[in-house]
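Once you scroll down, you'll see the structures, which are given as structure tokens.
In what follows, chain A forms one complex with chain B and a second complex with chain C.
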Partner chain A sequence: MSSLRSITLATLTKDIRLEWRSRDAINSMLFFSLLVVVIFSFSFDPNAEESREIAGGLIWVAFLFAAIVALNQTWARELRNQVLDAYRVSPAPANALFIAKALGNFILVSLLEALMAPLFMIFYNLRALGPAWQLIPVAILGTWALVVNGTFFAAMSLRTRSREIMLPLLLFPISIPAVQSMVEATRIILSGDGSARFWIVLLLTYDVVFTTACLGLFETILQAE
Partner chain B sequence: MTDAQTTQIVVTSLIKQFGRFAALRGVDAEFSGGKFYVILGDNGAGKTTLLRAMAGLAHPTRGTISILGKTPQEACRELGYMAHPSLLYDEMSGMENLRYFARLYGITGDDRCAQAIRSVRLDPDLTRPVGQYSQGMRQRMSLARAVLHDPQILLLDEPFSNVDVNSAREMVALLKHMRDAGKTVFVVTHQASLLEGVADEFIWMQAGQIVNRTPQLVSPSAEAQ
Partner chain C sequence: MKSGFRILAAVTALLLVQGFYEAMWVAPTERTMGEVQRIFYYHVPSAWTAFLLFFVNLVASIIYLVRKNPKADAVALVSAEVGVVFCTVVLVTGPIWARPVWGIWWTWDIRLTTTLVLWLIYVSYLVLRRFSDSAQTPKLAAVLAIFGALDVPLVYFSIWFFRTQHPQPVIGGGGSIDPRMLHVLLINWLAFSCFAFLVCWARYGVEILQREVDEIEALESLRGVAR
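Coming up: the complex of A and B.
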């Protein structure tokens, strides 16, 4: 257990250091999200009521697409110089690598959300009519849902020739229940129209099920040739 | 016969297929400890596949590999693997790389990393990222990574490729020193002449099979004459 924790921490620290030095993922994600916000705000001119109805979908779809950039980058780094083989020949547990990668992506996407959420609020003139604090668990659980599956499927498509295309093809269909939960919960909280409790519980269940499944299957994926 | 010279590795009827292509076609061999083996053969002869199978990176289609009575995965602490690519992160310094890989083996502190870097005659205080190293320095740092956890068996794939003659000779001297210290060394190379007088055995591979094992550097065709 201590080895799992220390290797997870070492891998996470290493990934953050590499991202800090290259800024490959965060820059692309930021520009992409910024473009989505600006282009959509120019394309539509919704009133406050309409904004509350569509913002949930817009925000989460933008973050989902932006997350793909980070997810692809995560494993691309391990392919350069075949560094992943150095991990595979070591006694380090496979799940330490998976958890570190998922946490790294979670931090990156959360950072992006923290930077972009105020912009969304300004551009779409948003103000929550429901309990705004509920947006925090929705963001945490939703982001985890995206990155845990994304990290897993990015690893799965690692050895395919067109992995940039493969990842969305694998990830988007399986993320539909999570995305629907995030969008519905966000819409309800913003419009104050009922309770988002059901969608938050659904999101939590989704996270537990898929995190367990990914942890159970990751070693097979890592050792696949 | 000393302990070091008892049989350490037993390869039995090893077959490795990639789709329809058989990279290894029934390899049977035994290797003693404390010896220096050089694996030779044309491109596609199966040298790298044999080495990767011994490292636990290529799973046998049929047959077994026993290393110190264990599977390669179980014996991973006793194996040091160096591939043709560096297996290092280009954006980090040599010390940062080794510090990370040390954690995968449960090694804490910088002493062992510094010692490994010095053993390949590089400076542990060099802050330059590995991506800016010369090819010779990168190969030596890659060797430092392979020996970091003080493995009993070294599996080295093309350690002298793209390295100038002087650096290659320095690496040969290092490897000889390691063999003299009781390590078992396997080197896959096309530059066998560098290892003449150093290696204990030359293993010739052809079409996925071991066709000859000689104590001197004599090609199988020359021996037949």
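Coming up: the complex of A and C.
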């Protein structure tokens, strides 16, 4: 147990330090989602009432696309110098590596959301009519839903041709219920009609089911070579 | 083996002809929908067959992960391919029926959406198999099949929250159906299942042969290198 924790922490701090020094992923994600915000704003040009209805969809689609950038480079780094092969033959538990990578992506995407959410609020003139604090659990559960499967499928697509395009093709169909829950919950909270509880519970279920599945099957994926 | 295949092919042909005849002329015309309702005898059997094949795919994938039996993997591949074809038939015949009856081609209803998502998941499964050419493809595909199966109930619940427009399932859904219609439906389902099984059988033979060829070619090229 302690080895699991220490290996997870070591991998996580290494990844964060690498990202902090280069800032490649976060910068491209930020710029990418900024572009999405601007393009959506031009294409729809909504008034305040309409933007409450569509903002949930816009925000999460922007974050979903931006998250692909972070997810795609998750494992690419480990392929250089055969780091992943070294990991495979070491006695370290496979799940420690997976948890570290998923947490790293979670931190990265959360940071992106924290920086981009205010911009969305300004550009779309948003003000929540429902209980705004509920957006926090929606954001946490939703982000985890995207990154846990994203990290897993990124590891899967390592073994395929044109892996950068493979990841969204695998991730998007499986993520449909999660994306729908996030979008609906956000829409309900922003427009203040009804309760978002059903969607939050569904997101939580999604997270629990797929986190368990990922932890159970990651060893198989890591050893597949 | 070969004669079994021929017998099944003959039986399937007979059943398909009989099913077509009954669906077109024997089954009574539905009172409100009229003739267009007859597409039901193709739509519903295709759906049942597709779901059955996806279930076979899941079971074969789990067996492959546990036993590492390459034959289970071939079964998984074949059932997914044929399942996608039948699922496509469902998704095409549905709107053809819905347009005159509901007045719309498509709606985000629970059964429509779940079927569409299922179709998307299995298309991504086939794309993965196509894009991955290492010896580990079966393992990755089997894992994806399990993820897909976990996803389906979640999709179902997420749409269940909206009002559902699709007619209630005719069997075990509280709906009622004329026994003559039920008879035609079941004949067609039997015919479609036999047809699906026949196609799977042929495709399985091709797949096994293809793998043998690949193996021999790999061995040949190794020998060439050694020489």
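We adopt the following convention: the second predicted complex is superposed on the first by the 225 of 225 C-alpha atoms of A that agree within 3 Å, B and C clash if a C-alpha of one lies under 4 Å from a C-alpha of the other, contacts with A are read in each partner's own complex, and residues count from 1 in each chain.
One rule holds for everything that comes next: contacts are C-beta pairs under 8 Å (C-beta built on N, C-alpha and C of every residue); 3 or more make two chains touch, one makes a residue touch a chain.
These numbers were taken from a predicted model, which means no experiment stands behind them.
Asker: Which partner chains sit in contact with A:206 here, chain B, chain C, both or neither? Use first/second/both/neither.
Answerer: second
Asker: Between chain B (first) and chain C (second), which, if any, makes contact with A:87: first, second, both or neither?
Answerer: Once the two structures are laid over each other on A, A:87 reaches chain B alone.
Asker: One more residue to check, A:117. First (chain B), second (chain C), both or neither?
Answerer: neither
Asker: By the touch definition at the top of the document, which applies to A:30: first (chain B), second (chain C), both, or neither?
Answerer: neither
Asker: Mind working out whether A:22 is in touch with chain B, chain C, both or neither, as first, second, both or neither?
Answerer: Only chain B is touched by A:22; chain C is not.
Asker: Touch test for A:126: chain B only (first), chain C only (second), both, or neither?
Answerer: The answer is neither, since A:126 touches no partner chain.
Asker: If I apply the document's touch criterion, which positions on chain A are contacted by chain B in one structure and by chain C in the other?
Answerer: 225
Asker: Spell out the part of chain B that touches chain A in their complex, as residue ranges.
Answerer: Against chain A, the touching part of chain B is residues 55-59, 76-77, 79, 81, 83, 85-92, 96, 100-101, 103-106, 145.
Asker: Please give the residue numbers of chain A that touch chain B in the complex, ascending.
Answerer: Residues 3, 6-7, 10-11, 14, 17-18, 21-22, 77, 80-83, 85-92, 223, 225.
Asker: Can you name the residues of chain A that touch chain C in the complex?
Answerer: 149, 156, 159-162, 166, 169-170, 172-174, 176-178, 180-181, 198, 202, 205-206, 209-210, 213, 217, 220-221, 224-225
Asker: What part of chain C is in contact with chain A in the complex they form?
Answerer: 65, 117, 120-121, 123-124, 127-128, 131-134, 136-137, 139-140, 143-144, 146-148, 150-151, 154-155, 157-158, 161
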